[in-house]
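In what comes next, subunit A is part of two complexes: it sits with subunit B in the first one and with subunit C in the second one.
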Partner chain A sequence: MNQLNIEERREGTFTVLVLTGPVNSYTFTEFQDRVYRTVRETDTAVDMEHVTTLSSAGLGALMVALEDAEAAGKKLWILKPSEIVRLAIESTGFSDRFPVTRTLKGLA
Partner chain B sequence: MDGSPPRILRSAVLPADPEAVPAFEDWLDTIPPTRPSLGNRIRLAGGEILDNIVRHSRPAGGLIRVRLRASGDSARLSFSFRSESFRDFVRNGPDARNGSIARTAYDPGSRRWRGLGLVMIARLTDDVRYRSGWPKDRIVAEFRDFGASSCTPGTGGV
Partner chain C sequence: MGLTVFAFLAPPVLLTLWIRARPRIRGTAWSRYFLIVAGFFSVFTVSMGIAYISAQPYAETQAVPLFLTRLAAAAAAAGYIALFRVCLTFPYDSKNAAADLLAVAATAAVFALNLGTELYVRHVERVNLDFIRHEGPLYGAVTVGAAGLGFLGAILLTFRSFSMRSRIYQQQSRILALGIVVSIVVGFLLAIRLPQVLRIGAFYLLSTLSPIILGVGYYFAVSISRIFAWKEVGRRVLSYLLLLTLTGIPVGWASAAILRAGLPASSAAGFVFLIFALGAYLASAFVNRFLDPIAGRRKYREALQDALARVDLSGGRDTVLRQVHSILSEPLEFRDLAILVADDEGALRPVFSTFGTERTLPGDSRALRELARTGVTVLLKTEVVANRAYAVFKKEFLEIFESYRAEALIAVREGRETLGILALGARSSGGDYTAYDYETLRSIYGKLFVVLYYVKNIARESILSTVDREIAYSSQVIESIQGNVDRIDHPKADAHFLARSTRKLGGDFIDFLRLSSDRYFFVAGDVSGKGLNASMSMIILKTMIRTFLKEEKDFTRIAERANAFIKDNLPRGTFFAGIFGYFDFAKDSLYFINCGIPVLFLYSPVFNTIIEIQGEGRVLGFVRDIRPYLKLRRVPLASDAVLLLSTDGILDSENLRGERYGKERLQRSFSNHRGKSARELAEGVVADLLAFTDDRLEDDITVFALKYDTQARSPT
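Entry: the complex of A and B
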């Protein structure tokens, strides 16, 4: 499957972007546009449970989105990362920059 | 059946354009699974290597050959192609693992992180070699599975 699907739902104060498929050099711009727009307006969670790969381009977009969220006084969490997403984050050496959670309960 | 993991030797020819990465991921999906942690590292590091080849090396003929050899707890992934600009890359920084090129920097102008892919390659592989020469230029990545789904510790110069 080489298409990234992005669905949106609300959970408390959060907008949850639910990603399904690969976030790679081919698909990351769609994710980047969506998450940059969302973090400026609302607390955001990116549900990555069904992400099948995460490239450096996608990770870079997440890192910029984290800075944008902070500048806008909003929160950005990575929700339920898949095993390969966890590995990709770890491989950057910047794991401590990525706020990861299994649930938004208590955060919303 | 002796229960030992299957030996895998597969190859494919990929287009040297932005379709290369999704074509590579599709190709990996056709290969019998190795250990999950090894498979994830191959997918992530291979995608980064391929993306760098396509964006920076501009292979002649528009093709890249990929080969995967895996057995038990180890795997070798190689990419071969022909590229003039790859020679300069090899001359200037032949080994991402020595830390000389595996560093990241944020470019505020483009709002992009530079070098993140090379860091990932260095940390996800146990060895990576960049070779320029006739008849092909090659990048060979080695993976060994030590049982944990994690990156190689202490590498990458970050």
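Entry: the complex of A and C
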């Protein structure tokens, strides 16, 4: 699959962006636009269970989204990251800065 | 008696101020007069201090304290005469022999009158802490006349300032005049009023502080070459006076009430401390909420930085330049802007101008060379006018300012070469650029560098018009980077690197710089992002790292500054995953900082095995303060040791079945080829990868191999 599909749903106080497919040089702009807009408005969770690739551009977008969420006083969680996402996050050396969770229960 | 210490403070303070001011006024009359004024007032304070200490009560003859008292008064009067002389021609460095002669004659007369007669003081003595002078008939005339001369000079200078064309000269003159007046007033209050009001004669010695005030005024008058925003200064002073009134008085009143309540000392101290803490907290909150008078200005700086960070570089040269003009001109309140960019020969040609100038500036002009030599990036016209450091090149600088209707220049350099100039026109408000504007311009230098670098490298604007041309351009960028490195050439090392780029777009780079015959700096890694932006970020970062390397002695600082540069100047979300290192072949060592390089293998002949040595690393550009995370490591290089470094492109490559290449395959490949030359090793590793992926590359890859021999190899 070369396309990134982004679905949106509500779960408690969170807006959940469900990503399916690769977040790479070709698709990260769509993810970036969507997540930047969302984190400024609501608490957000990015479900990355079905992300097949997370390129440096996608990681960069995630970093900025974290900063924006913090600046806006909102929460941003990475929900159920796939192995590839987990490795990408670990590669930055700043895993502790990426809030990762398996469930949103109790986080609202 | 302890207050006599103040009498001896003035000489070192005045001397320090003169030394600090000297580089800006060297060779001018103001340097000589500074020294003369400082000298006279130092004699004044020291003589007064010693006279006070040595005076005795009721002694009939007190030759030493009497002489010193007279000397102090003569020196103070001579100081004011010198100041008056300064006020006649300041800030112009013009000669006035008649005024000089008159000043010398008046000084001689004052010394003769004070030291040679009893007209000033007839006798001195000290009773307990009170220093008593038995005044002569001209005591009042000497005292009032000296101070009056200072006042007169200050008034004269203030009036003269209104007829000065240059605002910086006006400001300098008024600062000096203010310094003189404040110093006289403070001297009067401390020497006469305070002892009278408090009935403590020893406070008289505090008046020796007034020359320090004068010295500070003189220092700022001759040193400052940027315009103050007087309104802001005034607003801040008023704000803090208000703050003092609203919080200081209640705190003082409450503290006094507690101290009078008769509580035990420890309890009273505790309560007073709590009240002060509460007062400080409330004051701080009050300042943040209501009183920060420059909040609006601070917002302008931050807003400017944000706006520049959002400049869309993909919009084409003219669009980018128009954006820059629009972003800068509104907050800085100017209309005219000329942007010059270096051409292939280094000449600076206008690529944007609001007034249609086509004047080219030679890249090797003396003025630009001087700016490069001194490392100045932002230059205000007021600085050139008022700062003697620019005296030698003043004419050339002023010509540049005139040619481009500029009041401020920003010189953007790549190393020593001037990449471009932004010439900012006069402010529409009629005012000069202030010290705040200057600091703001310095704070956005990095962002302007990014813009000008982009403009210079895409001067042929049409390149951006299609994706194919973008690729072509990126290809040029990457090739220029790979071509411009100091390849390791050392008898102990056989080194080779390979870099492949997918679609010739990407952010991988590797750079080597020869520091000495035995030392090579290198940096390798991947700048995040895609396409042209990643390529641009990569080449800009490479350039900046080379600049940092020239400026920094501390290896860790280079990585620290690269982090700050990425965070502050490259597009948001950009980060660098790589390694900073240097080989010291004389010490058979590799030093490195892992900034997110995924793998650095070392084949150790001692253990006959391959080990990962990169350790833990953090990418640059994510957090603002990276220093706590930077760890400098040292690896001893033994004979037959082999190093292999790779960016993430190789590890993350996948085959058609979606399997990741990973570290284990890379390590096996390394093991298979490690006996070959460095070139064959690097090529073998890449060939194995391409075999795995069926010749497909999804990401840039960079591989560096080095085979080591502590015994120098014979050149073959």
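Here is the rule we go by: the second predicted complex is superposed on the first by the 108 of 108 C-alpha atoms of A that agree within 3 Å, B and C clash if a C-alpha of one lies under 4 Å from a C-alpha of the other, contacts with A are read in each partner's own complex, and residues count from 1 in each chain.
Following the convention adopted for this analysis, a contact is a pair of C-beta atoms (placed from the backbone, for glycine too) under 8 Å apart; a residue touches a chain by one contact, two chains touch by 3 or more.
Since we're looking at a predicted model, the values are computed, not measured.
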item: Which superposed partner A:92 touches (first subunit B, second subunit C, both, neither); value: both
item: Partner chain(s) touched by A:28 [first = subunit B, second = subunit C, both, neither]; value: second
item: Which of subunit B and subunit C A:63 touches, first, second, both or neither; value: both
item: Contacts of A:55 with subunit B and subunit C, given as first, second, both or neither; value: both
item: Common interface positions of subunit A, toward subunit B and toward subunit C; value: 24-26, 52, 55-57, 59-60, 63-64, 84, 91-93
item: Subunit A contact footprint on subunit C (complex, rising order); value: 507, 526-531, 534, 572-575, 577, 596, 598, 616-619, 622-623, 629, 648, 658, 660, 698-699
item: Partner subunit B, residues of subunit A touching it in the complex; value: 2, 22, 24-26, 52-57, 59-60, 63-64, 83-84, 86-88, 90-93
item: Residues of subunit B touching subunit A in the complex; value: 18-19, 21-22, 25-26, 36-37, 40-41, 43-44, 47-48, 51, 55, 104, 111-113, 116-117, 119-120, 123-124, 149-151, 156, 158
item: Footprint of subunit C on subunit A - complex, ascending; value: 24-26, 28, 32, 52, 55-57, 59-61, 63-64, 67, 84, 91-94, 97
